[in-house]
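By written order: A, B, C and D. Residues from 1 in each chain.
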Amino acid sequence: MKDTLRWAYALNQWNVRLDVFVRHEDQQRALKTVSACGFDTIELASGTGRWDNISRPEVILLNHGSHQGFLDFLRRAQVRGVSSVFWDPQAPTEEEEGYAFRSTANPADADAIVEWSKPFVDFVAGVGADQLVVRPVGSAWMTPPLDADGIKVVADVWNRIGERTAAAGIGLALHYDCLGAVHTHAELTGLLEATDPATVGFALDTAELTVGGIDPVAFYREHADRVTHVHLKDTRYADTGEEYRMPGAESTMLKGGAGRRIERWFYELGTEGGLVDVPGFVAALREHGYPGWVVVESDHGGNPAELAMLNSWYLQRVLGVAK
Amino acid sequence: MSDERAIKWSYMDHWRSNGPAGPVDQWHSHRTMSAFLKQIKAVGFDAIDTFDFRIWQMYGDYGGPAKYQEMVQDHGLERIVNTFHAADYDVRNYAPHLPETHENILEDFRVTMGRWSEIELDNIIVMPATLYYDMEPVTEDKLKYSAECWNKVGEITAGSGVRLTCHHEFFCGIQSEPDIDTFYSYTDPRYVSLFVDTAQHCIAGVDPVALYDRHAHRVSGFHFKDTRNVATGDDHRHRPDSEIMAPTTGKWFHEMGTDQGLVDFAAMMTAVRDNGYRGWISVEHDKANKEGGDYSESTAISRWYAKNVLEEIYR
Amino acid sequence: MNGIRWSYAINQWKPQFDDFVRREQHERALKTISIAGFEGVELTYGTGRWEPLGNPQQLAANFGSVAGFRDFVRGCALDAVSSWYWDPAERSMEHLTGPLSPLAEADVPAIVARATELAEALAALGGSVLLVRPVGGAGDVEPLDDDAIGRLAACWEAVGRATSEHGVRTALHVDFLSALRRDHVPRLLDRTDPSLVGLAVDTGELTAGGIDPVSVIERSGDRVWHVQFKDALAVDDAEEYLQPHAHWTVRVRGGAREVPRWFAEPGVDGGLVDFAAVTRALQAADYDGWIVVESDQSPHPAASALLAGYLVQRELRPLVEGKEAA
Amino acid sequence: MVWTKWSYMDHWVTETPQGPQPPSFNRAYMDRYVKQLSALGFTGFDTFFFYLPLYAGMYGGVPGFERFLQDNGFDKITGIFSAYPSATRYTAPHVRETHDRIVADCENTLRMCEGLTGVENFIVMPTSTHHQTEPVTDDTIKVVADLWNRVGALTLQHGMKTTCHFEFWGAIRTREQLDTFFRHTDPELVFFFCDTAQHTIAGVDPVQMFRDYSDRCTGFHFKDTKNVDEHEAYRTPPDPELMAPQVTRWFYEMGEGGLVDFPALMKEIVASGYDGWLTVEHDKAELGGGSYAEATAVAKWYIDNVLAEAEAEARAELETAR
């Protein structure tokens, strides 16, 4: 995309299951699809084990030998590089102490999590990416609500990791999602205030904020100086207020329908009935001269190639971005 | 203008997506049509091709070809370039090698050209013969009768400003190299053109590049698609059908750029350049959804290939 | 025939004209029907070389003969082709004919001839019912006056007479777009000879047309010669069936509301038909014959067949067998 | 008499609004999945240890899920599958230092099975990938055997037999390695689980393997393959199962012209007097446009129409011999 904004595309929509998107030829097809849609930069999502070989840094390196080897693999499909890598330290992985469950909300886990960030910091820097995008805290339903002290515990972990990312010359962006224990506008603002603006930024996801009941355009205007990363996607639904607290919300809300038979929450740009004011949001980014990446994604929503193409069309025809 | 392109890319109307009650094509609803056109545009195609039998939906759902073409243009695509005339060949009433059926064929085209008169098409594409098993043995006389038939059809379509061009399916009566050459020797270059389908020729054991080079002055368009299999044994004359039912092969057609593809597209594009062809190349991947395939992905991959491999050769 | 026999309709496997053409696909579908607990399969008429199961000529072209197809069906552990659905408005590439209309007296001989061919093949396949679309859609034909009803009755009596010579009954299949929807059905039935023409009750079509299938069975139970169990997910309560080309604009496209899917396998989530009630009504009417289960279209044909098999095995067949045992 | 103890191994993928997913996507998909298996006549259900928490969440506990199965004509949950396909610093069957952790994991899994009717098999992959384990020496196999002896004693206390399912890409794959492993394990504690396709791919005849170890065999995966691994694909790092260059799909349902002689195996099973569960497994049935529902239906069709005949023949032969 030829634009003053920097556009990238997230690969997570292809990796919908444990045992898919493993063969290199399948990955090449996805990369070519992204490239044909006009994107030359991608965001990676983390995972675990031998089948997450385009997500988990150690496994990527095992597949391609080196950072350069991986970049060469991307460039075969005319994808030039990586904008960012997403990491959730709360998601258990075999690489992190053999599926240990740890949380940034637990002070006893802080040292381990800071240590776990190392392969990600190294990888993001190694492939020349900009941002390590992280899930700052686990799901709200798993823990009692966080008070200011609790938020400070979380923030401290990220301040420590922020020192490491800054030293490596990359950014660290805390990504809000609609299930996180930092959920309300006040909690989110609290977390941002408790982190060091010099080293810790905010990854604004338009759909996640909307589901969580926060207006992404207004939030961006309030906190433009902290926003260092953007995920652009749409949703047709917002949480009624308490759904994110359903036990097992990853499953019961985002897949099980929240008792409302909503079996898919996230949508491509331009979807009918989409709640996100995408043109308004992008206009706000332009007004503020937003310098970071805008990563388009559709999360898990059906046919990945179709979604990528519909997103590309939207950028070209509605947002007027030249391909 | 310096970036004026010699080649533009059109997408031939084969498409399926998954609907709530099973696979549907893009003509299912305005919504599915819009999603189709958006995807074609997104990856950088310039226009579309279509089938003649879609004319009914154009009239029924969109108010005619001109109105439908407006919708195509609203999605950022230029126009409808070619139409494919998929006829029901039958030795009883519609067989180019049987002169007694010619009047029926000519009447079909008179009516058809009237239906398309609202818009300007480049080509009307035909399979120039019946199924192979309905034509065999393929004799010189039969080729000559076929040529006479298409000469007359071509005169009719030329009257509407549209070129009549022949697309040689591997399972039709005129598919071998000598038969194709004989056929063109009897047809009038003013009225009958060749439409090179890279996969179909390849499946029939004919080198599409050599064929093109030999007939370049008669060529009015291309279907760029790939195959992984050459027809063997009776594949080309399998009863009742070769295209889907040949026992050897469940899926003949693949998008260009596919692994193990047999078509040498680099050589093909070089030949297109060296013959000075300017105009449209159509991309087709017929039945891409078979055996776990997916139209959206195949369309993206084929356009990627056109942009990153073929346009490096000639654009 | 004594008792109720369960069959499954093949039509859901063919969403598009170039799908479901290869032999191995047919074999897997028939095996799926068999193992889901059905003993028969219902075919749908089709024409041309991509409809290998569409008509007797295509069966012969593909399986050597109709008997060859019967062996193929039995090889998949199904007993019979229970029935064949045919709309005379479908063209025939094999006969080089376009749509035939039962309202046009001139078309009747061709309709009878075609029905005879289908009945003959059906008999050889162990089947017993030819289902016909008795007349076009409400928006596509003139309103049916007495004279029109009379012409329809004459046509279908002639067809019924011809098929009965092969031991095959002719049953009128009234769909939710039919010009016979609502009160015309009894009118046509009343005008036909009960020994020649019967009714096919399609639970999904009736329900989508706003008609309770149980009431049809209670009223015309003695005329019911065939039953199709499919579920309906929506009702055409705005009478959109009166529009022209409703087959396309309403059935396929879902009408003004864009109903994503009208029909599905029995027991589907959100289904409107009470199949236990319909089954009990059939028993009360002493129905014996085929019940053909269908989903019409499906995003996942094998799953639809298995889910329907589940309902039949665990709920519906026990109702029937309970009564037979009693 | 016809074999009634057929169970289904819980691989299944279905289309959802979020793409192809396991039926644990949500309760409605799960219910439909169980109904389809029920319609086909399966009476046993095998699953993976990692699905248990999901099912517990949907059905109010793992026993609640089992009751749902039973309401749909199943006898019970018959087997639980547990595995460490990738060796890590924390868990690797060939590394003795990690055994305590593995045993602790197994205890957790056993705890999740409390209150069930009677799971019979605790199915394990005895090793991680071959390429992470090699060189595979007698000592390596001895270390692995020690682990499963330990786990075997533990699971027996919960009424389950620890039974070993050998992957073609695992470190114990040749006939010699299998024999060594069984020599080193206690026949009272460690049992054999015969996966027809995996052995065939590894060049081991599953029928002969069963014949030789029928006294220790407690279960089967009936699945087919069309390829013997002739290119050392089993050594492909980082993953041989999905990434082998020559073969994109290893596993097929029965009755599709594969290499396994299922009727012969069925006859062997009858002749041996084995009376446990027989399990159908499909792994990656969706590749190439396939569907799990259809693959499962076709496999069960094969059981009822082809294997039933083989079974009847074998029983008749036994009768005659008597």
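Basically, contacts are C-beta pairs under 8 Å (C-beta built on N, C-alpha and C of every residue); 3 or more make two chains touch, one makes a residue touch a chain.
Small disclaimer: the values here were computed from a predicted structure and weren't measured.
> So if I look at the partners of subunit A and the partners of subunit D, which chains show up in both lists?
B
> From the centre of subunit A, which other chain's Cα mean sits the farthest off?
Computed centres place C farthest from subunit A.
> Whole-Å distance, subunit A centre to subunit B centre, using C-alpha means?
Computed value for the inter-centroid distance: 43 Å.
> Round to the nearest whole Å and give the separation of the Cα centres of subunit B and subunit D.
49
> Averaged over CA atoms, how far is the centre of subunit B from the centre of subunit C? Could you give it in whole Å?
Roughly 37 Å, centre to centre.
> Show the residues in subunit C shared as contacts by 2 or more other chains, in ascending order.
Residues 299, 301 of subunit C touch two or more partner chains.
> Quick one: which residues in subunit D touch 2 or more of the other chains?
Counting only residues that touch two or more other chains, subunit D contributes 15.
> For subunit B, which residues are shared contacts with two or more other chains?
18
> Please give all chain pairs that are in touch with each other.
A-B, A-D, B-C, B-D, C-D
> Okay, in this complex, where on subunit D does subunit A touch?
Residues 13, 16-22, 24-27, 54, 57, 85-86, 88-91, 101, 129, 237-239, 242-243, 248, 284 of subunit D touch subunit A in their complex.
> For a test of understanding, state which residues of subunit C touch subunit D in their complex under the given definition.
Per the touch definition, subunit C meets subunit D at residues 28, 31-32, 34-37, 76-77, 269, 299-303, 305-307, 309-310, 313-314.
> Where on subunit B is subunit A touching in the complex?
17-18, 35, 38-39, 41-44, 75-76, 257, 259, 294, 296-297, 299-301, 303-305, 307-308
> Under the definition above, what is the set of subunit B residues touching subunit C in their complex?
The contact residues of subunit B facing subunit C are 16, 18-25, 28-29, 31, 60, 88, 90, 92-93, 239-241, 244-245, 250, 287.
> In their shared complex, at which residues does subunit A touch subunit B?
Within the complex, subunit A contacts subunit B at residues 25, 29, 32-33, 35-38, 77-78, 302-306, 308-314, 316-317, 323.
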